[in-house]
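My questions all concern the structure below.
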Amino acid sequence: MNAIQIKMREVAGQLLSLGEVDRVIGWEKGRFAHQSPPAFITDETKVERLIWDEYCLTGTAKYLLDDPYRAGKTGLFARGCDARAINRLIQDGQVKRENIVIIGICCTGMSDSVSRQMAAKCCDCTHPTPVVYDLMIGEPVKPVAKPERFKAVAELEQKAAQEKSEYWTRQFAKCIRCYACRNICPACNCRECFADQYRVGWLGKQHHTAENQVFGLTRAYHIADRCIECGECARVCPVGIPLMELNRKLIKDIQQLFGDYHAGVDSETAPPLGRYSLDDMEEFM
Amino acid sequence: MDIIELSAGGTQHQVEIARLASIAGVELSSCYQCGKCSAGCPEGFAMDESPRRIIRLLQLGLLSEALQARSIWLCAACDTCSTRCPKGVDIAALMETLRQEAKRKALIRDKNIHLFHELFLTNVKWFGRSPEVILSAMYNLMSGNLFQDMDAAAHLFKSGKAHFLPRRIKNTQAIRQIFQRCLEKEEPQ
Amino acid sequence: MALMTEANWEPKVLAFCCNWCSYSGADLVGLNRMKYPENVRIVRVPCSARVNPQFIIRAFQRGADGVLVAGCHPGDCHYSTGNYYTRRRFLVMKRLLEFIGIESQRFQARWISGAEAVKFRDTVTKLCEDIKALGPQRKLRDQK
Amino acid sequence: MRRIGVFICHCGSNIAATVDCAKVAEAARGFPGVVYSADYKYMCSEPGQEFIKAAIAQEDLNAIVVASCTPRMHELTFRKTLANGGLNPYLFEMANLREQCSWVHTDKEKATVKAIDLVKMAAAKANKNEELTSSTMPVHKKALVIGAGIAGMQAALDIADAGHQVVLVEREPTIGGKMPMLDKTFPTMDCSACISTPKMVEVAQHPNIELLAYAEVTEVKGFIGSFTVQIRQKAKYVDHDKCTGCGLCETKCPSKVPNEYDLGLGQRACIYKPFAQAVPNKPVIDPLHCRKLVDNKCGLCAKVCPTGAVNYQDAERLFTDTFGAIVMATGYDLYPWEEIYGEYGYGRFPDVITGLQFERMVNASGPTGGKLKRPSDGQEPKSVVFIKCVGSREPAKAKGYCSRACCMYTAKHAHQVLDKIPDAAVYVFYMDVRAAGKAYDEFYEATLKDGAVYLRGRVSKIYQEGSKLIVKGEDSLLGRPVQVTADLVVLATAMIPSQGSRELAQTVGFLPDLDGWYQEAHPKLRPVETPTAGVFLAGACQGPKDIPDTVAQAGAAAAKVCGLLSKSQLETNPMTARSNPAICSGCGLCVAVCPYKAIQLISLADRDRYGKRINRTVADVNHGLCQGCGACTVTCRSGAIDLQGFKNNQILEEVDALWR
Amino acid sequence: MKYAYYPGCSLDATGIEYDIANKLVARTLGIELVEIPDWNCCGATSAHTTNHLLALALPARNLAIAEAHGFEQVAVPCAACFARCKKTAAAVQASPDLQVQISEVIGMTYAAKSEILSYLDVIGKKTGLDHIKKHVVQPLTGLKIAAYYGCLLVRPVDITQSDDPENPMVMDRLLQVIGAEPIAWDYKTECCGASQVVPVPQLGKKLIHDILKNAASYGADAIATACPLCMLNLDMRQKQINAMFGTQFHIPVFHFTELMALSFGYSAQDFGLAKHFESAESLLERMIGGKGA
């Protein structure tokens, strides 16, 4: 029973018993040892279900959208990525800061449920300590610059057009359009996703590589300047499409083109594609 | 002055004129005959056809008149006209191209100028350099004005500005090769 | 459409032109009777900021061999700030398209004012020539 | 069910010459939704429009596609036709077969294939077009005229006479512009001051005109019907209410500086009126040279001023007002020939002057009291050379266009020299004499009769020899180089847009052309309007012209403004953005990109998925402010906000149609 | 700074004093001039009058030799050679297949990489005026000089990269630095006819007469040139022109480097002032107290 887990239960119990919040979202042990799915606890007596181990991989923030107009506050256990996700939802007007009690946890990285090694998304994590919280468990750590996380993107960029095309065609050929990537992504908070709309002409419903690619590219472009690099989309993709490579390509370009911007680190600065500067780089003269 | 029949056989010249104009990099139609080139030409006063009229002749397809004008020989290639032309027409390049074409067609309108340049090049071909004394001596001899610039000869030799013996370069073979390769493409019509 | 054999294949290039500048620049090309290849199809939009980068992905997927997005010069936009957003959006989308393997010449964005007929003609002509050289665009295409 | 009628226009032979219209019409019959197609010689003509109305009735059409010229030309015409035919004017689409197909291609077979594609695109969009109705927006019955030269004054007077309020802004201390600087005007040689100063006074006294001299427009927001404009009036340091214009201060001011109005030929004090008949006829203080303002000495003018009007602490004033229409009348400047004409001496020779400097000298109220003098030694010139097209018709290093007025004013100058100095010799180096106005050529003939020697050829070089100027040219009619020894050389320099006009265009929100002249909406059909609705052009700001054309254009612009201001409501463009609350998640990203601040988030009463009553935020578009640019539609990921008339599905249909 | 030095045929004969003065000034200012070994004639007017390719090939050989010896910059004192070398370099840079053709014709590879500068540019632009000012020992105060550039140094502008085709100031600024008084006259860039005066003497001499007349009308004590052929025409033919036009011109003509040598304190004997036709003794006597004579 590690210290964080004890603290989690204690805090959750207090919050629930005092009626500060009427539900708490954390993690609990799943059926298998390598599974710690999210836990939704409303009764202070059930706080023992809360656990903190190396498999608390799932993001907690997006579950706030299940019932956005719910009365009462929600206690949310938030690691570094979840805190940025909360900022994302606040900035997109989907949740109100005052409805959440954020219990920050200084995360030290989770393990991949298959390889049992440090999960890819955690190796690349730059903000392990939550950037927004009401109370904090664990020792805060300064954000870490990790330029090597763009290495895969840089390598792919050098390849010839034909090679790049084959690579992505092969990846998107696997896509089964389960939309897990969209469902888990905190930046994907539209009421009705373009992929679900009928006869607008964005996307064919046919399930073949070309339409898959249009879906993948369109979604990547939608979250280009809002992706918080939580890495969940790539993790949850049942067929293992390297979606984070697409997102990182866009993030790298946006940082190079419009200056250093980390989505979700604060809820004030607007995403770069929603604003402009008179001396933006000029390539179209 | 006989009437110029513009439509007769004009086209044949047009093709030839277009070729010459493209060698000189000149768009004949952009010249609106403003005369600024003729006005500024240092040799203009001595020309039978001012630079503007040479272009006018070409615009109207009168290639032979242009090639027989003395102007294209008098042109000193000083580029005043091309620099000042309001339409950016490179008249100097056109004059040069016409002069080369006239030489090719053996239309020598000024014997002395032709003679001077031929002698100059012959010297360069053999010595690799241009020996000024030999050049002026040969020119005076062959042009018939034996005593031209003789007044300056004494001082030139006394002050060492002239010497009889021509300075020859070592690799004259390379120079002859250049002449041979450049002029062999040249089949005089 | 007649079956296009490789030899007489004619590319089809889509051009999104903003109504105030590049569309009227295209008209001016016509007014001056200048010529450019027949492969271009122009879609009129009120402002280059109306062109959603998703239209480009969609165009390539439906069969476009090349796409041009043309707008007013920054500072001249009829809606004052429209093309500032266009510039950012297509600086990013241009790189994304190259990243997934679409040759860089196939997608062009250009600022063309209502008076720059020559620039419009030259941009479009060069675009068609480049694409003729590249051959048909088969990436992102439905696997028919 | 969509029943589309497709009409292919021949446009005489403009389209039919390179596009097989019958074949296109025939192919159009096969497009989805098309139930009728035909081709006709002139769709935009009266019979053409009747043809459409008849087809609507007979074939029960509910959408129309016209494949003809650019929609920028006749979209409005055909929309009216649909309205007259009982159809909503927005169930309509055009295919541009002329400017973007027949005129730009030569191969008929390929052009026809392209034409079919263009019609297929238009039909696909027409399939999705929806009925739209325009609403109205208010028109502020007030006009702003920028620039108070003859163009601005005339426009302001005409608008004011029609009963509308006008604000006339002029950045110089006096109105009048270039015209009062001149001595005589062609072709009637009546005195320029006599016909311009009365107009200046009329403007100053007109009840409907508020004159803001010494002021500049700094910011323009909004659009036709309601432009909110900020005007900055520079500090005058003289209270024009107290000042009686007695001019005592001007006589006492010790520091003299070159008078810009006299183009360096005359001097003025630091508290000055540019010229005697200036309007407003009260001085301003030049802050850069006045000793009091620069290093706090002197102060003589304040001492002598009988009404105590001088105020050294005066500050600039800001005005803000709302206008229904704006007229640009910013005029022209002369090309800075000294910067590029090395062959004429780069301005080193004092006796080489411009036409305006000549005008200032021969002007009775000018620095030389109407006497023509050589700036170098003040002598009366006996031999005067005029050179035309200096900087004009010269794409290599200056301007490619013809400046239109120089042929006539140079003929006038020649006439004036021969008139004032009987034994003078006058030479005019020219390339052409363009005297196309009424009584213009007769005027030129008269100048020839006076004895002006016209030499056909451009001058290649001017140089000094002793006190004379040697002018080298060629008389290309004779074909011989010629040379003139001149006492005075007057250059007819090119006209260029007035300084700062490009920045002003960006402030007001329309485009200059490549040379910087203001771009008219259509050179033939809409010469006094700009593509930006509500902004009109008058005078030389639109391109070089002389006074008769300028006054005519000013009247035309005024007529257009009166047409606009006579309405109290303006039909708005219905093609604005509209947000669908069902899809909108209230993220607010669209609010930030709207240039007109037309979108705000509002609270919407709704029920959540469990049926509970809730209030959620959604975007809402103010159709009065929205100008239909569509920037918001791209920031909206879910496509909740869409642009009517250019909806996502409509544009995507056009894209798909090409490869269906 | 190290330059490949291409003297040209004139500096080997009628322009010998120009060559001497150039080297003297170079030594004083610490500029290293290395003569291009076995250089050949650039063909001047005669080549480009006869054949386009020949006119490019002759200068190309010299430039190719300079490039082979690793020179990045070539100093060319004669205006005619300068113009021909510049045209060749520009033509070769503009078209790769001409580069191949020229290399074939001259039997060496010529890549047109090195920068070609007139000697006036080397001194007036590259060396810097304050560096020159340091060496001025005996400023030529009071000497009113007409700086004559001729045509090939300044036109065509895009080839010669001259500062101004109508009113260049490089030499004027140089003359100011060495204490002289350059005058603003009008025939700065009018052509002197160059070799034209040999086959068509009346025409050539008219041109030279006009230049002298304009300089005289501005009260020039002397004329400075930066081209051996202009020097020859203006200096050697003043007597012929006085005879032909009945004028009394006796205007000493200098190479600009000779004036610089004087200002650096050298005396006339140290360089070829005595070789001039129009003697400058009386002028120098008056100006700098006989030290220079």
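Order as written gives the chain letters A, B, C, D and E; numbering starts at 1 within each chain.
Assume a residue touches a chain if its C-beta (ideal position, glycine included) is under 8 Å from a C-beta of that chain, and two chains touch if they have at least 3 such contacts.
Just so you know, these numbers come straight off a predicted model, no measurement behind them.
Chemist: Among the remaining chains, which ones contact both chain C and chain E?
Modeler: D
Chemist: Quick check on the contact network: minimum steps from chain C to chain D?
Modeler: When the steps are counted carefully, the minimum from chain C to chain D is 1.
Chemist: From the centre of chain E, which other chain's Cα mean sits the farthest off?
Modeler: A
Chemist: Given the two chain pairs A-C and A-D, which is bridged by the higher number of C-beta pairs in contact?
Modeler: Comparing A-C with A-D, the pair joined by more C-beta contacts is A-C.
Chemist: Find the geometric centre of each of chain A and chain E from their Cα atoms only, then give the gap between the two centres in Å, rounded to an integer.
Modeler: 74
Chemist: Please compute the C-alpha centroid of chain B, do the same for chain E, then give the distance between them in whole Å.
Modeler: 23
Chemist: Round to the nearest whole Å and give the separation of the Cα centres of chain B and chain C.
Modeler: A distance of 51 Å separates the two centres.
Chemist: Would you mind listing the residues of chain D that make contact with two or more other chains?
Modeler: In chain D, 343, 461, 593, 635, 648, 652, 655-656 touch at least two other chains.
Chemist: Spell out, as numbers or ranges, the residues of chain A touching 2 or more other chains.
Modeler: Only 201-202, 273 qualify.
Chemist: Could you tell me which residues belong to chain B and also touch two or more other chains?
Modeler: Chain B, residues with two or more chain partners: 45, 80.
Chemist: Mapping chain-to-chain touches, which pattern fits: line, ring, star, complete or other?
Modeler: Shape of the chain contacts: other, as it matches none of the listed patterns.
Chemist: Taking all chains into account, which pairs touch?
Modeler: Contacting pairs: A-C, A-D, B-D, B-E, C-D, D-E.
Chemist: Flag every residue of chain D that touches chain C in the complex, lowest number first.
Modeler: Touch list, chain D to chain C: 70-72, 96, 98-100, 103-107, 110-111, 113-114, 117-118, 121, 506, 509-511, 513-514, 519, 531-532, 575, 593, 595-596, 627-631, 633-635, 643, 646, 648, 651-652, 654-656, 658-659.
Chemist: Residue numbers of chain C touching chain D in their complex, please.
Modeler: 10, 12, 14, 19-21, 23-24, 26-31, 33-36, 38, 41-47, 49-53, 55, 58-59, 62-64, 72, 75-76, 78-82, 85, 89, 113-116, 121
Chemist: Touching residues of chain E toward chain B in the complex: what are they?
Modeler: So the residues of chain E touching chain B come out as 9-10, 12-17, 38-41, 43-54, 57-58, 61, 104-107, 151-152, 155-157, 165, 189-191, 193-196, 198-203, 206-207, 210, 236, 239-240, 272, 274-275, 277.
Chemist: Per the contact definition, I'd like the list of chain D residues that touch chain B in the complex.
Modeler: Of all residues in chain D, those touching chain B are 343, 389, 393-398, 431, 456-461, 472-476, 479-482.
Chemist: Inside the complex, what are the residues of chain A that reach chain D?
Modeler: Residues 67-69, 92-94, 189-194, 197, 199-202, 222, 270-271, 273-275.
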